[in-house]
Every structure is written in C-alpha cells, then in structure tokens.
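Scrolling down, you'll hit the structures one after another.
Each of the two complexes below includes chain A, the first together with chain B, the second together with chain C.
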Partner chain A sequence: MNVRLYLWQRATAALMVPLVLVHIAVIFYATRNGMTAADILSRTHGSIMWASYYGLFVAAASIHASIGVRNVLAEWSPLTDRRAGMLAVALGLLLAALGARAVFAVVLS
Partner chain B sequence: MIARGAMHRGSALWIAALVHRLSGLALAIFLPLHFLALGLAIDGEAKLERFLRWTDQPLVKFAEGGLVFLLTVHLLGGLRVLVIENFDWRDGQKQLATIAAAISAIIAFIFLAQVF
Partner chain C sequence: MLAELTVSLWRGGKDGRYETYHVPQRASQTVLDVVTFVQRHIDSTLSYRFACRVGVCGSCAMTVNGKPRWTCRTHVSKVAGSGHLEIGPLENLPVIKDLATDMEPFFEKWQKAQGVFAPSKTRHEEIEQIRPDSPARRAVDAAIECINCGVCYAACDTVRWNADYFGPAALTRAWTLLNDERDAGGTARLQAIAGSGGCHSCHSHQSCQELCPQALNPTAAISGLKRRTTAAYLKGEIKA
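Showing the complex of A and B:
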C-alpha cells in the first residue's frame, strides 16, 4: 500500500468512527420493537440530516472498503498489484453507486 | 522446528489482526447486499416491508447478530490501530484486543436478546 492509499484508509477510518457508533445506536433503536418499512421511511424521508449522514457514510465506506480489499487481494491472492487495484476500484465504484441508490431510496424516493 | 514466519501465529495480537481483516472483508461482501435491500424502497414501501418481514426468520436474525458483532469488532479493532499509530505506545495491547472482542460479543448478544 502506498502512502496516499494508507492516508485515505486511515482518514476514512477516523471519519467513520463516529458514523459507525451512531449507526450501531440506530440499529438498536430501529429494532427495539421490530423493524418496519414505515418506521424507517418516516424517519428518513425528506431528511437532509440523514441524507448527509448516510451520503458521507457511503462515500467513506466505499473508499475504505475498496482500499482494504485491494490490500487483501494483493497479499493473499496471486493477482498482480495492478489487477488487485483494478478490482478494488470496481468494488469502490459499485459500493458508491449502490450506496447512493440506497440513500436516494430511503430519503428522496 | 517452527518456521520463523509461523512463530507469531496464534498470538493474541496476530489473531486480532486476522479478525480485523476478516471482519472487514465480510463487511465489504455484505455492504452491496445491504444497499440493495434498502434500495427496494425505490419501488415503494410495500416492497421494503416484504423484505423486512422475510428477515424476521430466526436464522436471519442470528446472521444480523453476527453482522453487529463484525461491525463492532472491526470498529474497535480499527480504533486500536489508529491509537497505536497516532499516540504513544501503551502496554496491554493483548488485553485491549481481548476486551474489544468481548465488548463486541456482548453488544451482539444484547442485539439478539432484543430482536428475539
């Protein structure tokens, strides 16, 4: 892992510490009496706060996960660094696209 | 004779690093499915609701408990790495790694107790 990727990996990790803590709290809150679509969507629909929170979370998780998977592929698979990097970029783009779609689905649709 | 590279395997901190890596990998595999599930709301509340009722199955709830464990253990393992890299070295890293695993297990257990 080069320095640039290392810094992105650690910066997104630090950024996600409070985001994950809030997410865990939300998981417990949302499942306290059984989880329904109506409950979830009533909280998130039209909320700029949740759109910003989950938008930032998706961006950070996409970058963090793709760099992590790149490291695993480079160290544990026979793939070359270049191939591992290409697969990691593809994963990052997939996560960002599906994540943005999910945020749109629960906040704006 | 044990190969030099294998001597550290089985130590608490080597296991902590392995758990951190495997939990991250598992979360990266889970994330696209999580996003696809939430994306069901694009087609309306009813479709998301149908999926959520499917997740009421005990086996799915156990899997969700596993995911809560993975998320928490990855968070705490990552915090330990950030603290080691950015602050003065502190003794007791093995104990901290063990406590992180224990806290993660407790949180996952509380989650399971709540959803069952």
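Showing the complex of A and C:
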C-alpha cells in the first residue's frame, strides 16, 4: 500500500458513507411503503439523479473493494505485489461492469 | 509461592524445539533471571542476549508465554501465574540460535525509513533554539524514548504478513525526526515512508502500543505519518 492507493481507498470510503446511508434509507422507505418493483422502476426510469447517484456508488465501491482485496492478496497469499495488483484490477473492472449493468437496468431499460 | 518453575526454552535454530527445565522460584525474580539460571546452572550452551539488565539497552527481548517482552523488567510473578514459562526467540526475526535473533532486518528497516538525522547546520553555526512546549517538540518527546528492543516489531501482525513493512519502531523514529526542527531530511523521509512498506501498510491493530515496554504509542506516530505523507502527496511534494 502506497500513499496513492491509501488516498483513493480513504476518499472512496468517505464518499460511500453518505451514499450507504441514503441507500439504506431508500430501502426502508420502499419496503415500509409496500412499493412493488414496478412502482420503483417507474420512479427510477429515466432519472439522471438516480443514474448519477448509483453510478457514483458503483465507481466508489469498485475502487474501494479492489484496493482492499489487493492488500488481502498481497499479505495473505503467496502472490507477488504485481500479480495481486493485476487480480485486484480485474476484480474492480468486474464490479464496475456488474454495477453499471444494474444501474443501466434500473434507470434506462 | 511455588518452589519450582517449569520452564520451556526454545533450543536450536528455525527448526528447533522447546525443551523443559526446572528452575527454583524466588521472590522478585525476572524472566531474564530464569534464563540466566538455566545457562549458568543447567546448560551452559544456552544462547541468549542481554546487557544492562535494567531496561535501558533493549537487548533482552524474548517471547514470553506467547507475547514479546523485555525479560529483564518482566517479573515471573506477572506472567507465570500457573508456574509455567514458555520462552522463545522474538517473532518476525530470523533465529540465530536458541533465544537469540538476528536483528539485522529490524535495523535495515530503520535505514530504509530514513531513520538517520540529517543535519541542517554546520558546527560553526549557532545552535538551534527548540522550545520544549512547541507542538513539534511535544510530539518528539512522546515518541523519543525507544530503546530498539524489537518488541513492537515482533508483536506486529503487518510485519508478519508483509516482509517489506518497515515496522512500528522504524516509523516511530521517522516521526521523531520529521518533528525535529533541526533535521533537513524531511521530504526524502516522507518519500521513503510513502511507498510500499511504509506507514500506509499499518492496519492500526495497536499491538505495538499495547506491548511497548516504554509505553510509547507507535500507532499514533504512524497515524501522524499518514497525515503528513498524504498532505505532502496532495501538495505534489512527494510522488507515489
């Protein structure tokens, strides 16, 4: 872990604090009001606000998780730093692709 | 008080084993007294390291019942409630023989962390006036009394997992120098500790501050280094 990775991991963590809180609040709101999937999709469809919100969330989570997993691999597996970094980048890209697909499905499809 | 202690001592090198000895228990007995008794009265081939016997030199640290401790100031009554002592070499360092470890990696990392004072003046210039109550000097005072015993290094999980990690003692030394107004090596030091193996590898488990015999808090010093290196990186003074 160097200062650049440290900064990215802490910055994305700080960014996700409000994002997680709003996300949980939205889940409570949706479930307590008995909203169906169709109700939710009708509100999110075409919304630039929700696309930006969850797009940012996905980007932050992908960066944060991949840096953390890189550290775990470097410290707890026999992989070299370079190989751990390559695997972590692959994981980050996978998370970003899966997250982007979900955001696309909720907002655009 | 028990009349006799059962003492398991590590014998041999990396692939050694614990051997059991019986040592008379005495009042105010230290763990170093126990080891010395075995060496002088039972087996003179036992190897271990000590010098001052009063907690100043930092030579006699060993693993005592699973935890690294300075043995000259650790009373048997404090750590051997059941009458049994298991004494091994420090963790995270190569074993030379029996209870003596090779401290070279520990001190090499001091060098890598730029733990050497870099003078900013010559002897012909006036001596720098340092106010004892200045925030920088207070930070130095809180961290300066390290005796290089290696207890924090042996206690550190991150050192165990990451062979490149400088460890708590080297980083605490770097912290004292960064806060020394007379030192001119600040930027090079920040650069050294901002890379792989530097302060950002610390997980803040705080084993170092829990076990430091001098009651120092290396975790706090490392937190200070994290803040300083991050600020320097954002200002473009150092590179990742």
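Note that the second predicted complex is superposed on the first by the 106 of 109 C-alpha atoms of A that agree within 3 Å, B and C clash if a C-alpha of one lies under 4 Å from a C-alpha of the other, contacts with A are read in each partner's own complex, and residues count from 1 in each chain.
Here is the rule we use: a residue touches a chain if its C-beta (ideal position, glycine included) is under 8 Å from a C-beta of that chain, and two chains touch if they have at least 3 such contacts.
Just so we're clear, the structure is a prediction, and the values are computed from it rather than from any experiment.
Quick one: is A:94 in contact with chain B, with chain C, with both, or with neither? Answer first, second, both or neither.
In the superposition, A:94 touches chain B alone.
Quick one: classify A:29 as touching chain B (first), chain C (second), both or neither.
In the superposition, A:29 touches no partner, neither chain B nor chain C.
Looking at the overlay, does A:1 come into contact with chain B only (first), chain C only (second), both, or neither?
Second partner only, chain C.
First (chain B), second (chain C), both or neither: which does A:81 touch?
In the superposed model, A:81 contacts chain C only, not chain B.
Which one hits more chain A residues, chain B or chain C?
B
Is A:14 touching the first partner chain B, the second partner chain C, both, or neither of them?
A:14 sits against chain B, while chain C stays out of touch.
Based on the superposed arrangement, let me know which partner A:68 touches: chain B (first), chain C (second), both, or neither?
It touches chain B, and chain C stays clear.
State whether A:41 touches chain B only (first), chain C only (second), both chains, or neither.
So A:41 only meets chain B here.
What does chain A use to touch chain C in their complex?
Spelled out, the residues of chain A in touch with chain C are 1-7, 74-76, 81.
Under the touch definition given earlier, write down the residues of chain A that touch chain B in their complex.
Answer in residue numbers: 10, 13-14, 16-17, 20-21, 23-24, 27-28, 31-32, 34-38, 40-41, 58, 61, 65, 68-69, 72, 91, 94-95, 98-99, 101-102, 104-106, 109.
Can you tell me which positions in chain B touch chain A when the two form their complex?
21, 24-25, 27-28, 31-32, 34-42, 45-46, 48-49, 52, 55-56, 68, 71-72, 75, 78-79, 81-82, 85, 107, 110-111, 114-115
In their shared complex, at which residues does chain C touch chain A?
Against chain A, the touching part of chain C is residues 158, 161-162, 194-196, 198, 200-201, 226, 229-230, 233-234, 238, 240.
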